[in-house]
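What follows is a pair of complexes built around subunit A, which joins subunit B in one and subunit C in the other.
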Partner chain A sequence: MNQLYNAFTLFFSLLVEAMPFLLLGVLLSSALLSLMDERQLIAKLPRNPILGAIIGSCIGFAFPVCECGNVPVARRLILQGVPTSLAVGFLLAAPTINPIVIWSTSVAFPDRPEIVLLRILFSLAIAIIIGSIFSVQKDPRPLLQSMLARRLNTFISRPSPRVTQEKGKEPLPALLQSGTFLLSGEGSPIAMTETLARTPVQQQVLPNKLVQFLENIALELRELGGMLVLGSAIAAGIQVFVPRELILSLGQGTMGSILAMMVLAALVSICSTVDSFFVLSFASTFTTGSLLAFLVFGPIIDIKSVGLMLSIFRPRIIFYFFALAAQLTFIFALGYSYFG
Partner chain B sequence: MKKKINYVANYLPWLDAVAILAWGILLLKYYFSRQLGLLIHPNYFWLAIVTGILLLFLGGLKIAQLIGTKSKIVSQSSGQHVSLFPPGWGSSLLLGTAILGLTIAPSVLKSDTALKRGITESLPLTRVQPQAFRGDSKPEERSIIDWIRTLNAYPEPDAYIGEPAKVKGFVIHSPRLPNNYLLVARFVITCCAVDAYPVGLPVKLLNESQTDFPPDTWIEVEGEMISETLPETKNQDETINKRQVIIAASSVTPIKTPANPYHY
Partner chain C sequence: MTKSNIQQPIDKIAITSILSLGLVICLLVWGSKACEANQCFIHVGPRVQDFSWSGKQIGAEDTAFILTFDRPMDEESVAENLVINPPLPGKISWAGRRLAYTLTTPAPYGENYELRLRDAREKIRGDQDKNQGKVIEPFTSQFSSRDRAFVYIGAEGEEQGRLVLFNLTEQRHKILTPKNLKVIDFEIYPQGDRILFSATKPNQSSANNQLYTVTTGLNFDSEATTNNDRESVKLIFKRKSYQNLNFDLSPNGKTIVIRRANRKNLGEFGLWKLEENGNLEALNNPPGGDFLITPDSQSLALAIGEGIAILPLEPNAEPIAFLSKFGRVVTFSRNGYFSAMVNYNRDNPELAYNKSLFLVYTRGGEEKLFDTNGSILDCEFNPTATKLYCLLTQLIEEAEEYREQPYFAGIDLKTKEILPLLVLPEYQDIKISMASDGLGILFDQAIVEGNGGSRIWLLIPPSSSESNKPQLEQLPLAGSRPQWLP
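So, the complex of A and B:
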């Protein structure tokens, strides 16, 4: 009973410490969704694959989302035709390389700055490497889940009228084209093609934006908050109920501890803004290398994000991500354990 | 059947709003009832307070919006997210935990946790290192954590022989120690209760025995530092004899649990 009470206290300690960061992440990503014009950003992105992977990995600073928010954003990026390397770099790095995650990690480990720094470096390196590998494949369609690939097909084969319109030529009147159109009172008819998907937000009026903002906050809070509750319960439970000897024996071996933490990271699926508080409960018993492995690997891939990524990529591609990321994380963490 | 779906769809946004409100109330309740210190480091109180206020505001806004749109079912967000939970689960989990938190107060970590986590007499290397060697502080004014920091900076036990000591902490019965010894300990927190780790000093009792002070009793120990060889309490499987600093108690008085039981 006493043990249960301790677990209860630790559970709430985790939740209370994590909730501010969760809310901040949700607020920012909701604000972005309703306010920012992604197209302007995308127009400025580089086309060079390696540079793309690097830039993609760093856009997380502009889109502070954790691993539930990054999938929809990456999906939109791909639909808007950014290079694959850039989208992949973003997908893998954004959950870690963003101001909120860096802040929460340094709150959790105020006296171990090397964890914060290496978490950033390792995640960046992995995202850039995998992004560059995928840049070999110029056409993203074979990588994509079939429905998304078909949507992209429509984009590529039928670009929006604005793009085809040549200077000096009269644009083809919309109503002479085939397809479905929206007839509005003023102005020209709007073609009901996928081009509509490219202009999702900015035509909305402000009250609508506020409603959307609120909706998105409630949505993300309940999804991520629910995940946080489950994750915290697991962490508190492990800390209190699993015998210390078992944890110590797992946590002290160099390789064993890294592998154990990577498995845990993949299973627990806790949001990257708050996962450093989760791992804190293992800080005294596990090697620093294994803590790093958790912090680097968890945001890249876990059960939850695999589910989300299936909405973009084919299963085989996700398996490649998983295998590459797992090996790179293991090598980096092991390297740190031996040479750090 | 259709009616039921409509009913659920109407009711779900309310669940979201109530869950958000409940968490706002819980965070502020922890602050006002002074329980926040049992959960997180005081440096981060403001984060919890601001979050509590924001959540109350957002929950209120959401309810205002729901009342405004009464019969209209608010459209769900346009496919920006792929749902992780079945409808209603996420918010129910949040609401359920908030209600639990509001009804049951958090506990103070006790000696069983300390024994489980391993009491250290030296700070683990990765932990807060002393900012400066406080050689000039009066020995009798040092708290347990001050003593540990001092010992960490200069570990030679003989250097402290004869110094007066007066510390407050809770009692731990270590299975490795003889009957007339106990540990007086405190938990140190760097981020939140999850990373609380115990530090303690062995106390040599004058006339009493361990049984006079059951575990988790809060005591004030007054006495003098001596050095003795005692079995090391940290390791589980092997006992290493180690010469260490011990408080030879001249008086041990039970005290009330302090309002702020942790060191930071």
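So, the complex of A and C:
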């Protein structure tokens, strides 16, 4: 019975901690959808995959979202047609490379600036490496869940009328195209596809934008909120049945302690804005390398966010993320312990 | 998952990357296993991450060092294997991966120390065998303590009337002040970089003294970057309408309190506060007698009427406390916990004409140390504030007249036991100076016979562990008012 209470406490604490950030992420994603013209955005973004990964990793500075808030934003970036390497770089780095997390880490470790610096460097390196690996996949559809891939399919296969116009060709009369159309007052029919959602902002009137903004918030909160609840429940359940003490007692020696802290980071699913205070309680008993492993690996992958990521990517893609991030974290942390 | 899905470019590169990274991990693991037995480029065992005194020159205010390990250590094995040469007794305490070593007494000055740690093991959690923990990478580091040095007012030859810095460790003299200044009194700044002194021009009376500072060429502040070897004398302020009577420098070196009298109206005298920025203001305290700045540098102990007032160092301040029982503050302990004060027993007919020395606790409370019918000339606490050394006099009746016989005594503050150390031949009003590292007491003695002059002496009290006798050494220096550098 006691374990059930513990599980509920953990579940609610994870949820309470993550929900505001998810909401922030959803708000940001909806704002991106409603307020930004994706063509302008994409035109400004670099084509070079490595540069894209670097830029993506640094976007977190502009959008200070936790590892729950980054998922809706990354999802939106992919849907808007942003290069995969950039979206992946953002997904992996944004939870760490943002002013709030850097500030909270430096507050938790005021006398150990190397932890703050190395946390940033390692996270950035991992995000850029994985982002670059993902850049080889030019077509993002095979990475995505089928539903999302279908949405993306729609606008990849159907270029918007405006694009065709820009190329100086005669547009195909709307009525000669197949599909569902909406007849507006001006007489020109509008195709009822996802393209509608991507219609340039300038062409929409304010109430439309607001409705779209609110609808998208509701849609994403429903989809992602559900995943967050599920992820938090699983994370809480595992923590009750596999107590933290057990994981910590396994962590002997340089390598053991790094592995133990990585497993702990994945299990406790604590938000990156506060995880440095959590890990501070281990600072006196664990090696700096293992603390870094916790601080770098936790924001990239935790059980709660795996649930959210499943709403975008196919399971094997998440496995690649997980395996690559874990291997790179382990190599960096061990390298620091041995040669640092 | 369909076949075509797995054959996407991402699958190929991701699987290749995972396998390559796996290989790197295998290499690292293999390397660490191979290096476990012998020393090689990968270091597997624990190591010292930081030693707070590494390469530093320490002083009496450095009471503890911190050794930071990269992981939790087996505390017993560290305590057994930690060696400091020459030995510095102290206590070990732990906070996770950090070891704090607190010295029981300040490190003796003028020494080079070596800290060594080998064969200590990392801590193994759980019930496993302690010896399974990996052995630490041997660690050696050096640090040193400051040279023993003091400053005195020279009495012979070209040193006459000038401040002289004498390095006892290297037996080196250095004259600090110019010939055209005759030094009357001085106090040393806490970092040892400067000396505050009052001096007059030749052929002037001491009433015309001015306050100056002189640099020593030393600096104990490890963060200070400049270490100017040339002495430069600076006049602190020019106010000719007032005469400086005496002064005290605050223990933090930031404030000077000066008693000044108006040259036109000598009845008008009082205390003035001179701050670091050159701001001079009158404190407007009630007229009083002896004064001393307290160890926290925030207030002033001033003898007023028949008591001691503790006043904030602010103009027109009301006393924080008034100790009506005492007539004089002799000294404060460096840690600020205690002070030694004299009760003249004016309200006690049984002890009339006797003086009593009290140990007064800053946080309240007092204890009588002894009564004497002689004088209490000066006292100083040892650095750890476990003993109080005093220069006292004893009243001796000789052929219908009384003579005061000065002597040194050491008082154990725990047992209140008084141990006479040394009898001096002649009564002289002298001040004593206790070394920061507790080595000994410096004092001067005027020579009555022959050409006169004054010599500097060093009294080394017996250490508490051995019951040996105090050692007295006459230093080959002619001068007065010796004061140890911090």
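Note that in this section the second predicted complex is superposed on the first by the 213 of 340 C-alpha atoms of A that agree within 3 Å, B and C clash if a C-alpha of one lies under 4 Å from a C-alpha of the other, contacts with A are read in each partner's own complex, and residues count from 1 in each chain.
In this section, a residue touches a chain if its C-beta (ideal position, glycine included) is under 8 Å from a C-beta of that chain, and two chains touch if they have at least 3 such contacts.
The structure presented is a predicted model; accordingly, all values stated were derived computationally and were not measured.
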Which partner does A:Ala283 contact after superposing on A: first (subunit B), second (subunit C), both, neither?
both
For A:Phe12, decide between first (touching subunit B), second (touching subunit C), both and neither.
first
Please indicate which partner A:Arg222 is in contact with in the superposed arrangement: first for subunit B, second for subunit C, both, or neither.
first
Subunit C versus subunit B, contacts on subunit A by residue
B
Of the partners subunit B and subunit C, which touch A:Tyr320 in the superposed model: first, second, both, neither?
second
Residues of subunit A contacting subunit B in one complex and subunit C in the other:
248, 283-284, 288
Residues of subunit C touching subunit A in the complex
1, 5-6, 8-11, 13-14, 17-18, 21-22, 24-25, 28-29, 32, 42-44, 49, 70-72, 95-98, 122, 124-126, 134
Subunit B partner contacts - residues on subunit A that touch it in the complex:
2-3, 5-6, 8-17, 19-21, 23, 27, 33, 68-69, 71-72, 107-112, 200, 211-212, 214-223, 225-227, 229-230, 235-236, 239, 244-245, 248, 277, 280-281, 283-284, 288, 304, 307-308, 311
Residue set of subunit A touching subunit C in the complex reads 133-134, 136-138, 142-143, 248-249, 251-255, 257, 283-289, 314, 316-317, 320, 323-324, 327-328, 330-331, 334-335, 337-339
The answer for subunit B against subunit A in the complex is residues 13, 16-17, 19-20, 23, 27, 30, 36, 38-40, 44, 47-48, 50-51, 54-55, 58, 61-62, 65, 74-78, 80-85, 89-91, 93-94, 97, 100-101, 104, 106-107, 109-110, 112-113, 116-118, 124, 126-129, 190-195, 197, 236
